[in-house]
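The structure under discussion appears below in the form of structure tokens.
Labels for the chains are A, B, C and D, by order of writing; each one numbers its residues from 1.
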Amino acid sequence: MTRHFRVLIDCKDEKGLVYKISKAFCDFGLNVEKNREYVDAQNGKFFMRSEVSGQFDPIALEAELKVVLPEKARIRLVEPRPKKVVLMATKESHCLGDILIRHEAGELEAQIVGVISNYETLRSLVEKFDIPYVCVSHEGLQRAEHEEKILEEIGKFGEIDYIVLAKYMRILTPEFVAHFDERIINIHHSFLPAFIGANPYKQAYDRGVKIIGATAHFVNNNLDEGPIIAQDVIPVTHAMDWQAMQSAGRDVEKIVLAKALKLALEDKIFVYANKTVIFD
Amino acid sequence: MTRHFRVLIDCKDEKGLVYKISKAFCDFGLNVEKNREYVDAQNGKFFMRSEVSGQFDPIALEAELKVVLPEKARIRLVEPRPKKVVLMATKESHCLGDILIRHEAGELEAQIVGVISNYETLRSLVEKFDIPYVCVSHEGLQRAEHEEKILEEIGKFGEIDYIVLAKYMRILTPEFVAHFDERIINIHHSFLPAFIGANPYKQAYDRGVKIIGATAHFVNNNLDEGPIIAQDVIPVTHAMDWQAMQSAGRDVEKIVLAKALKLALEDKIFVYANKTVIFD
Amino acid sequence: MTRHFRVLIDCKDEKGLVYKISKAFCDFGLNVEKNREYVDAQNGKFFMRSEVSGQFDPIALEAELKVVLPEKARIRLVEPRPKKVVLMATKESHCLGDILIRHEAGELEAQIVGVISNYETLRSLVEKFDIPYVCVSHEGLQRAEHEEKILEEIGKFGEIDYIVLAKYMRILTPEFVAHFDERIINIHHSFLPAFIGANPYKQAYDRGVKIIGATAHFVNNNLDEGPIIAQDVIPVTHAMDWQAMQSAGRDVEKIVLAKALKLALEDKIFVYANKTVIFD
Amino acid sequence: MTRHFRVLIDCKDEKGLVYKISKAFCDFGLNVEKNREYVDAQNGKFFMRSEVSGQFDPIALEAELKVVLPEKARIRLVEPRPKKVVLMATKESHCLGDILIRHEAGELEAQIVGVISNYETLRSLVEKFDIPYVCVSHEGLQRAEHEEKILEEIGKFGEIDYIVLAKYMRILTPEFVAHFDERIINIHHSFLPAFIGANPYKQAYDRGVKIIGATAHFVNNNLDEGPIIAQDVIPVTHAMDWQAMQSAGRDVEKIVLAKALKLALEDKIFVYANKTVIFD
């Protein structure tokens, strides 16, 4: 039986890595369909992503790669399959709705197992798509209590791959984030690092910028400072107040978030030094 | 004799302004070739730029407008003519060279009266175009002394309209800037307000952004915080180190600076609340 | 009672039009909230769009404008209200779904009265949103018969304002189009006029372009040759086959179509000489 | 002595190519600084570009690669050096001037050996940069005679690498082009394949497009139909007549042409099936 795998390797750089890896692929009789590599010469780091297929034992290949690659090399063999994704949102529907439509159309290599929100607002939209909607209100709860409840609800979905914050408007604590290292994707409604924090459109309007943007990034301990996955921008003019900018910005937000999500689902992102290497 | 004027008006907003202004134009028998207006409803401000032509007395028109417009209205009648521009630069040639080529081609409504630099590096380039090059070295001088010398050199060019900082890499003091209110245009090599200050490309690289940009703005007392005139961006990837970003960024810098300069030369910019209204 | 109107005027250009119109607005005691005008000097045409409010009789205003404007001036006073829209689609869901989500979120000044398709494919998606779905199969029908059936179904929705072809993949005859002059909006999946006709992504791939795009336009008698409302593009590379281009192009298609639809719903488009004047 | 080479390989695709090539690099003790490959699966074609360095005999490496690669593999070992370039222009200076400024700044891996024009217009600009300017007027000459004269002048510059048509406004015959296969780079002032032929800005204006562009391509026998290297676009509005579009388009033209030229100078382009594979 022919199997398809994505082979993801990152390790310290040294001479002959491509040779050693491609030799292993050869020895296992693999077809290499795609190959991307990147050397960060300054920091002596090597990254490679290959799409391979063949009749082979992935465990044996992984073992072989471990033998030929430098110590501490990170080697991942990933078989393409719909990844399990939980969406989180608050009240705005544009990012959430966009992902639901893409999911429905089979555009995403994902199974959306549920949506968690701190409001009831989006229930009717989500349930149209027969996706479980869980409202975990934060009213009257300490932040820690609220997050514990959310964790509990996420737990009910079983082992999940990614959490997508599709305009979830509450800050997550480092404790929460620690459960999902490099697995929470957020959309921030500005061209980071400009306009960190609350109401970036208002900030952009006040500063009088001529371009606004959106940034999809992994969430880490520091608000809006995680590794950036994708960004895009649109022009604005003096004639737009901040509400008009917000309205125009929605399209960028949803496109950028969907782009980042796809990259994650297709295993095209390496995270390194709070930055991303993207093999798109 | 038919005369062409740009009429620039900004004042507090009230009912019937367009009517009053267009009536004045009518009464003076003017042809209105272009008309742009903008009302900032939130702040109750009115802006209008008209291109008019006719056989008329501009002083009488200005007087008439003063009568019909609200108190403290700012009214400017500008006859199109090459504006006098001084360029300032340090060592990099891409922005400077681009302006010189455009000037040579007659693309700019400007007369470049001279270039001032704190190095000799660009003399040979500038003198190819028969434009005076003045080197005012900052070596061994206090900042105030240095700026005084520059002011002296600028003074020799007579009354000037604009100073363009075409990659002039020294900070100007508020005292210097005060001489040229809303008349100094700078190009900052980042998408402001991201990456204020030194080496924005290094900052952008370290942050791992996926887009870089450039910002042309008027210079005020606070470094990189003046009213933004124009911005543009280009995509970058993980595979670019900061030198590669810098190199790619040069094209955006020169295009954005030229765009801002043209807007200024054609009297298409209103400055207001540290922002710009652009009638392009 | 204060009423809000959009006043749309196009007529041959002559001196003093803005004066005459703004005088009428003044005489009727109107507040002018927004004003945009454009003169096509080459062809002697004048266009103006104003947003006005006040306690006034719109019929009297229209009569007054008729008196002061040149003969054959086209004057429209439009009161903002949700316009009635029929969507047509075939099998692809990205444009249709995007409009449905926007509609659901209240982002569009529209009431979507129904969706007509020549297949059953999209029924389940549309009915999630409680919008009538009518399948009019073309199987076994002459083109004229098929269109007659569609016309009949559209007729059941009452008087409609716009038809949006959200990836409706059949060509409409001039006879059909004639029923809805300047009221059918189509999305073409290329940067027109490049790649007119079938499978533009395949054409783009074969030609080896480095950018692909999408075009929203009014439909007239000639396929893909109607007045263009909006266009946008994205970069592509040699590494993308035409299916990858098609997939990447979907995002541009839906954004461009939504943009055009909004312009139409907000009465911001003038059609003239097979082109559009857009006051966005 | 350490030598740097770019290794360019294209051949029919088969299993193990990367392995064989990287093994050869390994056996020769090479450092692989950069590696890009692309497989056109549909057509069974393999492309690879590597930047390697080491103390080695390039002739021996080439021989070894010939042994391990499929028959008819095209193997090029290119040592980075300033390539010899002839510019051709007519009357417009923006593209020409831009290249001259970049050349002067050391931004291009090129030696510009001369400029050939059919007019005297640009002589003064070119000679500022101490570059030979040859005017070969077409007045009173048959096309064949004119081109023969140009060929003769080019011949005087010795062996050249590229001809750049920096707004050379005459059509070149297949006979002329045949002398410089894949070595003539042209800038066309439209987003090809839209608006082939004369005055594309006028065509774009007449069609009412909302975006215009520029295309840099290799010249082959058919006007504007050669392999596309780079394209870019800018938005336009109804308010721009074709002269305004032309003026705005100049910036895109010069940036796109410079981008294509750099790709060529850095050996980053493969031509194949009238398309380009770009390893940027």
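By our rule, a contact is a pair of C-beta atoms (placed from the backbone, for glycine too) under 8 Å apart; a residue touches a chain by one contact, two chains touch by 3 or more.
As the structure is a prediction and not an experimental result, all values here were calculated from the model.
Traced through touching neighbours, the fewest hops from chain B to chain D number 1. Ranking every chain by how far its Cα centroid lies from the centroid of chain D, the top place goes to C.
Centre-to-centre, using mean CA coordinates, chain A is 41 Å away from chain B. Chain B and chain C have centres, each the mean of its CA atoms, that are 38 Å apart. Not a single residue in chain A touches at least two other chains. Residues of chain B touching chain A in their complex: 38, 42, 191-195, 207-211, 213, 227-233, 237-239, 241, 273-278. Contacts from chain D toward chain A in the complex involve residues 15-16, 18-19, 22-23, 25-26, 31-35, 37, 39, 41, 235.
Chain B meets chain D in the complex at residues 93-94, 97-98, 100-102, 104-105, 107, 125, 128-129, 247, 250-251, 255, 258.
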